[in-house]
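Each in structure tokens, the structures are laid out below.
Shared between the two complexes below is subunit A, which pairs with subunit B and subunit C, respectively.
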Partner chain A sequence: MTRILRSLRDGIGFDVMLVIIALSYLLVFAGLPLIYNVIISFQTVDVFSLGTLWHPNAGFDNYRAIFDDPLAGRVLWQTIVFTLGSVALQFTLGFALALFFHQNFTGATWIRGLFLAAWVMPGLVVGVLWNWLLSGDFGVINHLLESFGLIEDPVFWRSNVETSLYAVLIANIWYGTPFNMILLAVGLAAIPGDLYEAAELDGANAFQRFWTITLPMMRATIGAVLALGIIFTLQQFDLFAAITQGGPAGSSTVAQYWSWQLSFREFDFGRGAVISVLMIIVVLFVSLIYVRSTKAETQL
Partner chain B sequence: MTRLVYASVLALMTGAGGAAAQDVTLTLWTESATAPESVFAQEFSAIDNGVTIEIREIRFDDLVTDTLRAVATGTNPDLIAIDNPDHAAFASRGAFLDITDQVAASDVIDIDAVFDGPRASLTWDGRIYGIPRASNTIALYYNRDLFAAAGLDPDSPPRTWDELLEAARALTDPENDVYGIAFSARASEEGTFQFLPWAQMAGGSFDNINAEGVADALALWKAFLDEGLASPDTLTRGQWDSTGTFNGGNAAMVISGPWELGRMASDAAFDWGVTLLPVREEGGVRASALGDFNLAIFANTDHPDEAFAFLEYYMSQVDRVWPEFTRLPSVAGVALAPTGDARIDAAAQVFTEQLSYARNRGPHPDWPRISQEIQTAFQSVLTGQAEAQEALDEAAERIDGIIN
Partner chain C sequence: MTYQIELDRVEKHYGRFHALKEISLAIPKGQFVALVGPSGCGKSTLLRSIAGLERITSGTLRIAGEPVNDLPPRKRDLAMVFQSYALYPHMSVRDNLTYALRLKGVSRAERARRAEEVAAVIGLETLLDRRPRELSGGQRQRVAMGRAIIRQPRAFLFDEPLSNLDAALRVRMRKEVRALHDRIGATSVYVTHDQIEAMTMADHVVVLQAGRIEQQGTPMALYDRPANRFVAGFIGSPAMNFMPGVIAGDGRAVRLALPGNPVLETAIAGTPGLEVEVGIRPEHMVLGPLDAPHAVPLVVSAVETTGAASYLFTEGEPELIVTTEGTAAIRADDTIGVSIDPARVHLFEPETGASLRSAKL
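Up next is the complex of A and B:
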């Protein structure tokens, strides 16, 4: 008994205990819901049987219904466009801003901090703001574009099937860029300054320094930022709810919004769960990249 | 006065029982804290009867969703005001309390006096599961000043679809940011509520959505959008916001209901009128949508008697829903008291007549899914992604699958 206690205090037992705490937290709050989600994707669940523990078995019916749904192909494509578009532009803009503020001019850290204000706003608030900005008849964005002479007639961002997805995409890029910037700024700050000095003495120009020092040294951070970006974008729901509600005619419906619509608008929790299961598989894959890049980070 | 009488009756009743009234707190979920049920609930709480009603306001779009979630987890309130097409989903699955016997024994609630439409919406399998809050329907509001300016006669508003389309064309004035007409074709229950009357005037119905003629109704809506007679945001905007553009003078006509009258009377800086929804052709079938909410008690409440006492109080005050809330009573024999605003009183006549053509959505326990199919159909046509008949045929097939 005392041996176990001593081991808990200052031996291997302490490590084991920490691992057990972390694992049981994961199991209870992430593992069980995940498993339950997989289970109900094979069952017929409506709202009035949701509270009961067991539901009628549906086999692969839910999966078949999802893949046969005429909306499925479009949702897949729109999800890809939204995710890749968001991550690519959030990352590029975030990186550019991080490099800009890395110049350490007066007030750089302050202004960099202010950028975070966008990111700490609740998604629904951001959504409502962009809803107004993007409004067709009286929107600020249309007004600006018109006064610069870029467009003749107002663009109905939210109501046009061609632009509705991009309306949410624009809002999401604005929303996610500061987060990318902060993470990348941290990565930039971790690169030792003497590397740049040495390279400069050797006659490397700014582009070469960026390409051969900054990028390779940032590999781990970049991997992590991209992986987190994909995961956060796949979680983005508030903006859709506030700006387009997935419409018009499903033209801005992405997987996560569709899953919610099926579960909480049509009350078909089985089919809603199918989409989350498919998304979990994607997220698991992305998480692997994240884990690998953070592993590389610790090895540095 | 009625309030006083009612309070004393209630006091007598509890007094006769001999037991001191115990303090009971009920919860009521509603879309609006200023709706009649909320106002009446506050009055009911103020009466010294030992019952207090706590009101929780839930956005209209979330009301069904939140309630279903609450029912599934047993955290639902005691009372709810729910949109009438959603009533059957709860009643058919036993979530609402069957109050048939209490209603039969009640001196205050006369269920036979309730109009057929609202009564059908709260009845399931011959049993009564609630009382109607009020009734509403949609009609055509028009800006008389803009009519005159466009050379149209404000005293003879459009009566047929063709006249409506012509009027919308004449009234549209992009130079001054004026659209001819505003309505809501949103992918939500509001869109279904606005579209069904047009489908019905053309001979269709929710269980016959691909009837010959419904495509013409869609063609009319599409013409409004394609010709720029209505804002493209019609596809994503609800009725309240659409009517806001009318009140602001940016739309010359709007299709909406009597709940707008109070706001319009104070916001609109022009002369306006209301007329019946135009019919397909001269002498054509009239139709409109039966809107508004029902009040229901949840089956798992601990205080069914107190909750029912509130329903009785509500019914005792029903003559106030028109003058104070511009909602039409769902009960026969309630005179619409003058409001002091001639335009609103004139509108009362129009909406009362329009209501006599109103048809139910459902009742069907899977109404949200049926409604969703209708929304998908009109949205895909209006955005040019599908041909009208094709989209309606597909919707009809899927609705058949849900109904049968």
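Up next is the complex of A and C:
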């Protein structure tokens, strides 16, 4: 007993204990639900059987139902548009802002800090905010577009099937850009300044320095930011709930929202689980890219 | 004559901080110039100003006769070797060497040829495909040098390039850098805080303090005729001994505040009765018998020996250092007789620190 205690205090026991705590947390709160989710995707689960731990077997019925659903193709396409659109623009804007604030003008750090205000807001609040901004009758965005003469009649962003997905997309870009900016700013700050000075003396102009020094030196950070961006975008739920509820007519439904609708609106937990299983596969693949990027980072 | 690098009354301010004060310096083609001084003296700022990494506030900077005040670094055609080497970590040694050539649009074949050529000069032929992180400190240093010489620039700028190397390698690289300079007929400006590096490598040494040039000249001129007390104390190792004294006799002698108040006949003329600061280098204080004429009796407090020479530290205020050859059979508390070569004595005004000799000349 004293040997175990001493090991906990001075030896390797403490390290082992920390690892066990973290692993048990992961197992109980992430591992088991994940496995259970995979299991119920092969079962028939409705409101009546919800209370039992084990449900009737359904084989691949749930999977077949999802792939045969007329909504499936649209949801897949909308998920791709939403995810790639969000990540591409969040990344581009975030990188541009990070480079801008890297110029170290007076107050740069302060203003950069203010940008984080967007990121620390709860998603639902951001959603409500953008509801007002995007509102068809009294929204500021319509007002601006009209005063610049870009549109003649108000656009009903949220209730038009053509624009509803983009309404959420715009809000999400605004929401996620600061996070991209901060991670990329950290990456930029990690590049030693004398590399730029050496490159400058070697004859590189600003554009060449960006292509030959900044981008290659940022490769690991960029990989990590893009991977995290995809994962976070696939998790985005609050904005859909607050702005369009996936509508109208499914025109802004993405995979994660559809999964929620199937499980908690239609109480078909089996089909809801199918979508999360498919998403887990995608996220696992993206996580591999993330892990590889961070590994490259430590090697440099 | 047009100089390769010429600075005319160059000033640099950082806000209220006056970093460079009226720097005028002319470097002929092929010269090896060392900028030396204590940390914070402005030597790095001066080098970075020549490179264009810092903008000078006023004055004119010319490279090969052409004013370059407003030229960005990439248009000045200078190469710099950084203290940190600043190698591009994501590129192989070959790509590091040829980076500037690639930017200039030199063909792939020509780049490969020049890389091989330079690698042979710096002895890195077998390491061309390595990444910088796989190289030792000395090898990185060579790559940094190679990256500079491959461009055949108008001048080389060195910012304390040897200070990250261990002592033995530093001594070897000192010689190699100078040999390389001679072989390619380069013009070099070399910043260092180490006066031995400056003395051994340079044709022309510029001593800076607090943003001002204290003195410039050949290494031996600085050693033999320091213009002021600062240069006298900075150049030479161990540092020059200083002690108070009074001009005596007809003005061509000085009475030292040492035991026995010895009077030295010097070649320097001064006003009798004037209080001065007397400087004598440790190597110009000669150990001799105690009863020799003019021998000053001093008590030893500590002995340091390097094998080739021994440094005797004396008791009393100010502490003096006497250098003797080889290992001396002298221990702490021994009394030694020291005679001073009057011709090697330096006199300085106590307030300004200016050398009396140079004031009269």
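Quick notes
One rule holds in what follows: the second predicted complex is superposed on the first by the 277 of 300 C-alpha atoms of A that agree within 3 Å, B and C clash if a C-alpha of one lies under 4 Å from a C-alpha of the other, contacts with A are read in each partner's own complex, and residues count from 1 in each chain.
As a convention for this text, a residue touches a chain if its C-beta (ideal position, glycine included) is under 8 Å from a C-beta of that chain, and two chains touch if they have at least 3 such contacts.
Everything quoted here is computed from the prediction, not taken from an experiment.
Annotation: superposed three-chain arrangement on subunit A; subunit B versus subunit C shows no clash, the two fitting side by side. By the document's definition of touching, neither partner reaches A:F105: not subunit B, not subunit C.
When the shared chain is aligned, no partner comes close enough to touch A:F67: not subunit B, not subunit C.
In the overlay built on the shared chain, the residue A:G136 is in contact with subunit B alone; subunit C does not reach it.
In the superposed model, the vertex angle subunit B-subunit A-subunit C (Cα centres) comes to 150 degrees (nearest 10).
In the superposed model, A:E266 makes contact with subunit B only, not with subunit C. Shared-chain residue A:N160: touches subunit B; no touch with subunit C. Touch criterion not met for A:F14: it reaches neither subunit B nor subunit C. In the superposed model, A:T212 lies in contact with subunit C only, and not with subunit B. With both structures placed on the common chain, the touch criterion links A:Y36 to neither subunit B nor subunit C. Between subunit B and subunit C, B contacts the larger number of subunit A residues.
Superposition on chain A places subunit B within reach of subunit C only down to 53 Å, the least C-alpha distance between them. The contact surfaces that subunit B and subunit C form on subunit A in the two complexes do not overlap at any residue.
On subunit C, the positions that touch subunit A within their shared complex are 51-53, 72-74, 76, 78-80, 82, 84, 86-90, 99-100, 103-104, 133, 147, 151. Residues 47-48, 50-51, 135-137, 156, 158-161, 244-251, 264-267 of subunit A are the ones touching subunit B in the complex.
Of all the residues in subunit B, the ones that touch subunit A in their complex are 65, 68-69, 71-74, 93, 95, 177, 186-188, 231-236, 245, 250, 368-369, 372, 376, 379-380, 382-385. Per the touch definition, subunit A reaches subunit C in the complex via residues 192, 194-195, 197-205, 208, 212-213, 216-217, 219, 300.
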